[in-house]
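This is the structure I want to talk about, given as structure tokens.
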Amino acid sequence: MNFSSDNAYGAAPEILDALTRASTGAVPSYGDDPLTGALRQEMSRLFEREVALYPVVTGTAANALALATLCPQHGAIFCHADAHIATDECGAPEFYTHGAKLVTLEGRDGKLTPEGIARSLKHFLRGVVHHSQPSVISLTQASEFGTVYTRDEIAGISALAREQGLKLHMDGARFANALAHLGCTPAEATWKAGIDVLSFGATKNGAMGAEAVVVLRPDGAAALPFIRKQAMQLASKMRYVAAQFVAMLSDDLWRRNAEHANAMAARLAAGVADVPGVTLTYPVQSNAVFAGLPAEVRDALQRDYPFYVWDEATGVVRWMASFDLTADDVDGFVARLAELAAAR
Amino acid sequence: MNFSSDNAYGAAPEILDALTRASTGAVPSYGDDPLTGALRQEMSRLFEREVALYPVVTGTAANALALATLCPQHGAIFCHADAHIATDECGAPEFYTHGAKLVTLEGRDGKLTPEGIARSLKHFLRGVVHHSQPSVISLTQASEFGTVYTRDEIAGISALAREQGLKLHMDGARFANALAHLGCTPAEATWKAGIDVLSFGATKNGAMGAEAVVVLRPDGAAALPFIRKQAMQLASKMRYVAAQFVAMLSDDLWRRNAEHANAMAARLAAGVADVPGVTLTYPVQSNAVFAGLPAEVRDALQRDYPFYVWDEATGVVRWMASFDLTADDVDGFVARLAELAAAR
Amino acid sequence: MNFSSDNAYGAAPEILDALTRASTGAVPSYGDDPLTGALRQEMSRLFEREVALYPVVTGTAANALALATLCPQHGAIFCHADAHIATDECGAPEFYTHGAKLVTLEGRDGKLTPEGIARSLKHFLRGVVHHSQPSVISLTQASEFGTVYTRDEIAGISALAREQGLKLHMDGARFANALAHLGCTPAEATWKAGIDVLSFGATKNGAMGAEAVVVLRPDGAAALPFIRKQAMQLASKMRYVAAQFVAMLSDDLWRRNAEHANAMAARLAAGVADVPGVTLTYPVQSNAVFAGLPAEVRDALQRDYPFYVWDEATGVVRWMASFDLTADDVDGFVARLAELAAAR
Amino acid sequence: MNFSSDNAYGAAPEILDALTRASTGAVPSYGDDPLTGALRQEMSRLFEREVALYPVVTGTAANALALATLCPQHGAIFCHADAHIATDECGAPEFYTHGAKLVTLEGRDGKLTPEGIARSLKHFLRGVVHHSQPSVISLTQASEFGTVYTRDEIAGISALAREQGLKLHMDGARFANALAHLGCTPAEATWKAGIDVLSFGATKNGAMGAEAVVVLRPDGAAALPFIRKQAMQLASKMRYVAAQFVAMLSDDLWRRNAEHANAMAARLAAGVADVPGVTLTYPVQSNAVFAGLPAEVRDALQRDYPFYVWDEATGVVRWMASFDLTADDVDGFVARLAELAAAR
């Protein structure tokens, strides 16, 4: 058992089967193969409009290339202070945009608000060459804290973006988990809500290594195919990246995996909620559970189950649920935690 | 009269004379001329040690090249939220470092504190590749608000930097003004206090366009001559940049100009302090005066004297004094302000 | 059948098995897993010395990151005019080095010579800031034309590199094919011959998507782990990249695949050599066969077998053999070509 | 006397006067001053159309920013193998375009030909992401060898550019010298001949340090003001850069200076043409004279007059004439050369 990350689990059996099936025969390389072609059509069907699809191999790549498409080198990108692009990508967004500025904002439960963005925008004067020019708002859906923007919350940010001439990026490394919580369609969760480009993650949801830049309004992305190549993200045997996404979208595997992981997180949260000394830090809306608990209980628990202390200052921990976790796993974890808490 | 910026005034007569004198004869270009050679020696004498000197043509250049020398592309630079490198250089530091992250911190009177930096450092785990690696602390001396770090304050930050393995950059666009306030030597204000690289500005202090990267501990800067060239900052007729600095250092022109500008700011601050409705925002320690005042007084005053409203939200204004401002200019300004305030 | 590229074929069965086996259980992500750890040791064993290993996901990534490690932004990289880094990577080396210059040289059979490099070096004056500074020689082994540098040829270039203070990079996208031809050890083919960093390719040799930067003299590569992350090449489920290399090195799969592909190319070359109107363009030393043939024969043949016209001007074509091609495939191809040639 | 470079001479007296005159009073900084405004109008008048003007401080800056405006990061720039952007800017074009490829072509007398460009273009397949995409042709006018493209030659290249969808850049570090030779208007020499962006140099022609990017078809350059700032080329006291250009354009100073320098070069060429052992390497059409001469004569001559050996392999030397050279200077030089040649 491992609660450290949804990256800690391997690929789902359906993914492995798909890779094997995709291995037959010789096909054109670099994305000109039939499977990648089929995926392009499938994605447009899924999103209910013509989209431009660029499969890549890491989540950082999906985010950095999406931002490079939306933001000029003298632009500013507004994101939450705890957004993955700000804290965990070692400067990749700054590098691939050639110098854009990440403006990091606080916001409750890991989410941006129109008010917070509007307040910050006042410091960036339009047309003044000394100032990085406001260009993009980047939302993480689900957020780093496992919370999910409601459709209304996105609509509010989207209205501000439209009014201010900003583009909207969605970091959807856990897009499936957010969608499972929202219960709406991919189209409703993205372009119908004003999102321009989506980083669509499959790896954390049971794939082996498959992410995609989905350009929902393809007009401005003419350079992206070249930049993806120059940025070293054009897989030669692209069929294998495509095969993972095709498998994910078949029989709703992506939704089933996400729903399961969310359910396991909810089960875990429900189980620990009544354990004395344990407090849940954020609403549990996807597959992450953040909690505070006594240090000695935490340390003892970590000897049995790997997980991260998220914030050394507060001692808050993160428990991630994955597609491959069982109810028994969760119950065993909760029981052990309760036992340790009782023994204090 | 103009209180908007110390860039609004032209070059001092001594500078113009120096440029004319420097025009005689043919000399090697790109910095191999005798005047640039003499300046190199003069700078080492001024700083009481062997320094490496790279004259450049803009203040942004001095800062961005200094930071590029100190910070790897996966590094983090800690600076005040109101530092010029964070707010007024359109992403140049991010661009020239190829993706380093500017971590912007709050701090009273526009100054960083060791405590504030230490708190932020906790979020950047060493050796963890997902995190930009802490590399540089950048101090603005004098700060954007005209305040000056005391030698003790720098010593405190320097101790933290040493302990944490960080380099120290000083943005000295107004270094002369700070020095005039501190009353210490350039060596004491910089490398003796732990500063590794200084952006040494002359333009705001009465030059025409002359800035320099002064590498105080020259070991690690072997690439800088090439990077300066590639970064388009190697002036072909370098003698003219050197001539300005030579003139500045002759007869202590740089110190006299700075002392005068500081005195004019102090006179202005003293004059307005008792005007009803006017409050000084920060201690006046160099050539900047920040103040709050009634909106209608401010608007009327701007019709006679150009100056900036620094913060639209609070209405705080900035009045900059320059080397070329006279006591009569200041007194006239104060009188007009008093008159407008009385007429409310 | 497909002779267009060794990327056109899928993954070998042993690779698919390895991916399935690697899927069991939860392990640390981002390369801290046991399999990646084992691969590190295995690579050091294979190369008979401590090496630093950085698995990545595309061949362009291995090359661009290797060059970024060896070459400063103001450096010059000497390579053959037909090298992959010069012709097929859309500027990735220039981008990741932040502006280094690729100096492209002619050379017989796609190979550089010490004389050719020495002649070009005369144009780049050391210490002159206007000139990109000579920094790296990049060899492609096997070359774009399928030829292989002899150990003596590499020794000659290596001697020049040492004398001139240049680093040596080897683009080994088809390293296994070159080694199969040379019949020497990996150590002899690389660091014992003076190579500093190797781009080690597995994808073209039957993997799904697995390349590696192998730093043979690890001293200068301290920044590479961070740069790999910032460059979006740190796979979260790294075990799957490692698993492919581990499988390749088990039971000498990599050598067997390469020997087979080479043998198929040799068989093809031998078969077509006597076909009237067909001339082999280069010595066939790995898995590529370049040939000239009548345009109408070529066009008819392309209707049955995909392959590239390599040079539109001369009409020269490329036939690539892969690990997955059978002797019957080759014989059928030769027979069809002979038939078309006879029918003219 | 100095024949090494037109950068070796100082600023013309008219320039020094203009700087002094420009020093009066306080004006807005960063290019919002009246003098810069006037220069903008003057430039549009000079070029007989609305142009966008961006004064910068070095010639490398004018070139690199011009190319960054015209070329995407995945683009290819076609230039002569001896172009300044290829040989003397330490990779600045590659850096500022974020990875564009400089494709260097041979061509008689330092000039590109449509045929040579067309031949090279065949290697860059449009829409193929592996290939840098043909984007810009850069002409140096006058060329590094002092030769000047005729209007017909430019028309031929321009026709190719239009047909192939390429932009045209002119490196006019010595634009005035070329114009003086051609005897046509600036408009005829540039946009009427198809040039999109001109690097307009004044420094080598008697200014102190003043260059400009002149965007002749301003539609696509919306980002340039921001990029100029981010690229550290926005002078705070911009009036001083503008003043130099204004002085240059007043009373045709720029044309008079260039005509004089050209005349001095012609005089020198005529003088040395009959000296035994001296051969002129290129037609003398601007202010540069290239020649071959016996090594011992050259070495002796260099003891009296600084000049460069341009090519160590052939021994060819360069003698540059400047605005500040007199007929007596030239005659003295020729006499000394003749004396040394006679003494062999």
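Should a chain be cited, it is by its letter among A, B, C and D, assigned in written order, with residues numbered from 1 in that chain.
As a working rule, a contact is a pair of C-beta atoms (placed from the backbone, for glycine too) under 8 Å apart; a residue touches a chain by one contact, two chains touch by 3 or more.
It should be emphasised that the depicted structure is a prediction, and the values quoted were computed from it without experimental measurement.
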Remotest chain, chain C as reference, centres from CA atoms: B
Pair exhibiting more inter-chain C-beta contacts, A-D or A-C: A-C
Euclidean distance of C-alpha centroids - chain A vs chain C, Å: 34
Between chain D and chain A, distance of the C-alpha-averaged centres to the nearest whole Å: 50
Contacts with 2+ other chains: residues of chain D: 30, 73-74, 89-92, 95-96, 98-99, 129-130, 226, 229-230, 234
Chain A-facing residues of chain C, complex: 1-2, 4-5, 7-11, 16, 19-20, 22-30, 56-61, 64, 89-92, 95-96, 203-204, 208-209, 226, 229-237, 239-241, 306, 322, 324
Chain A - residues contacting chain D, complex: 30, 72-74, 98-99, 129-130, 133, 223, 225-230, 234
Parts of chain D lying in touch with chain C, wherever the complex brings them together: 73-75, 87-92, 94-96, 98-102, 122-123, 129-132, 312-313
